[in-house]
């Protein structure tokens, strides 16, 4: 795998024969377990290279268009850092509201224009299916950086890569997800990816924010043991991973209902009293109080490390679709 | 010509002796036919270099300030890509409304400050003459990327370069321009450039959006055969190039007048029924319906390729004013 | 000093042994006179390198996050140019209002996320103490690019570096500051830095905009001769440096008071009639009329050169905190 990187000297091999050359990254549904193994193998090599040399010239001369139809500082910065650490360049396009799009240009036209300047396009768009539409018209690979309430596949990949790098493997783990599981796009995508492995999944949420029934069914059809809880205390002690998401007040019709449950969904030292010592605590960030800052220096707190793993995953995907890994 | 590029090894020759070293690009009126030949020769070499190696280090260590007082995603991205493909760096300044300018700073002060950091400044500004004013104060070359209803010389150059690259030459061609010819800055500039060659020009527009009389006179004074039409069908069969621009509803006092003519100015397969097989169909983009998407995969549709030619022209101009071509 | 740079060949020595490696730049109060000598020595070498080769690869592979919670085109562009001239890359984050921060994320969380992608963070923030707070949580160095009415240490350093480069030294100089000395952050910081040297300071301002008493006391405690004036004419002839800042109309309760004094604080050829021929005229920019454009081509006008000195100072600081100088 990733023969290209194992040789410290250039050249990096024939790019057209690389398995992901020219492909778009649109949905977690496109990945087999073998694909994930490949991606995470490359991402791990990226991590080692960054730790050893900081940046390197694998994508020197390649240009990424970072096309964000809605702001997402963290995702945009992560892709920029990934491209720059690989020696490539970035054309940032962040203000689409002021631009050609405001003049009524269609997404396919924008994509077909911008691909003239670039080798790969990262697309964030408020509408479900935007990346798939873009990929249909583009000659260059598209990487979906979030399409509304649709998917954000690189987030799901980085969540899973974090688990792998921190725990050494996925099989055999008990993973507990907590918070707004009804609306949480990251929880849905990560659950689907995890269903490719031999895991046990716990879901802890207020009654009105439970994981959608169709996802529960999907997981059970694949033989994944699933347990739902209203409180964390019954699930915490057996958890290898606790993945926290935010419960937004606005989701509740009656503010009192929110007041009644919110304490359950704020994680602090007390919440982890019966947790394993090798638990890892994850969060997609940004957080707004749902994990107490008192945990930030706890070695189990993996949420800032998660950001860094995200950069390695994005480096891997960029290198792959450009035929360099 | 462009001796610098013919040698694959550095150095690229003495920059101060390069003919365009330090010059500003402000208006199409500054170019003789020899100048255009030179520019397009360098642009063609840029195209060949990009096709062969993607990017190269001709402008390594040079810094471009991309100063946009109004948004223009496409132009900004094109200059950024041009500079990055030449190995140079870009300082993007897109939000001038929030910046020093909002504090009342004059354009000359802004230019004299920013030139301290950079080697060349690309300027987009809503006021006619802004680039000329900037060039008057600047020690570094200014490239006009559009000054209101004034000029956008790199657009005109890329339009002409598209014709040359697609058709092999300009002399002897019949070029038909269609749409809002009264207000279309691109049509005015391109017509002026074409008047340096041996061409025939057709202009197809609604009565109220005809090409201004003074431009017609200018063209006729140079001996260019000019014909005006209200409908495309009389001009299409003899055309080598059809250059389409948008007819905006807001230009018409009576909405019914717009409804009466709009069908004429939407180009589809039917419109091209009697066109030559080697016609090329151009558009400055963005389009909003004035060319049907059914033509996008027709080999005659050159409007996306036009974007790419634009990058080569901008690479050429950057290399030239920085003394590298 | 700066052994690293004195050798034209890489490597640049052991970065962890560099005296400023990993340190944050937060306030002018952190610098001793020896520190300033070191910084300005490196900045001078940066100037020589830029004049000789334009850019070089001292920070190749390093990534700067330029995190601006409020716009400052000039400062942002200066840091970007500094990093790019050193061969490093920049992740610009300019629109914090639209981003995670708008979702309620705390500054420490933003910093701890972004440092995962980068080697150094430049921070501009509207709140006093923001950079110190950021540095408390960050593992990577923070450079304060302005924290509200707090400090803007790199501005003060570039002001002082301008004096040193233009005048050859600081000791023995008479420096006159004029304008709004009450609210002028740059004047306060520069005065504090100057108090480390053997200088005489004159302060010229309207009565209601005099330098705060505690700063006067601070300066006098250090043995600096200080003189306050309401008019420039008594101070100009002995001045080696005239540092001009803006008097804003809004500072005055009675508009008539502003009208009465404003003429005094607009510098033109007449104002400099009795000035020394080797005076240098400085301004932090942007200016809005407080120095007449008729002086722009006077060799004494140092305010545009000031911008360029700023880039060298920022190059020096970036190289230092990244262990390369």
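For reference, chains read A, B and C in written order, and residue numbers begin at 1 within each chain.
Here is the rule we go by: contacts are C-beta pairs under 8 Å (C-beta built on N, C-alpha and C of every residue); 3 or more make two chains touch, one makes a residue touch a chain.
Keep in mind it's a predicted model, so treat the numbers as computed, not measured.
Trainee: Could you work out how far chain A has to rotate to sit on chain B, using CA atoms and steps of 5 degrees?
Mentor: 120
Trainee: How would you label the chain B and chain C contact, same or different, if same means the shared numbers make up over half of all numbers there?
Mentor: different
Trainee: Based only on mean CA positions, could you tell me how far chain B sits from chain C in angstrom?
Mentor: 40
Trainee: Counting only residues that touch at least 2 other chains, which ones in chain B make the list?
Mentor: 92, 95, in rising order.
Trainee: Where on chain A does chain C make contact in their complex?
Mentor: 53-56, 71-74, 77-78, 80-81, 84-85, 92, 94-95, 285-288, 293, 296, 304-305, 307-308, 310-311
Trainee: Which residues of chain B touch chain C in their complex?
Mentor: 60-63, 65, 89, 91-93, 95-96, 98-101, 103-105, 108-110, 112-114, 116-119
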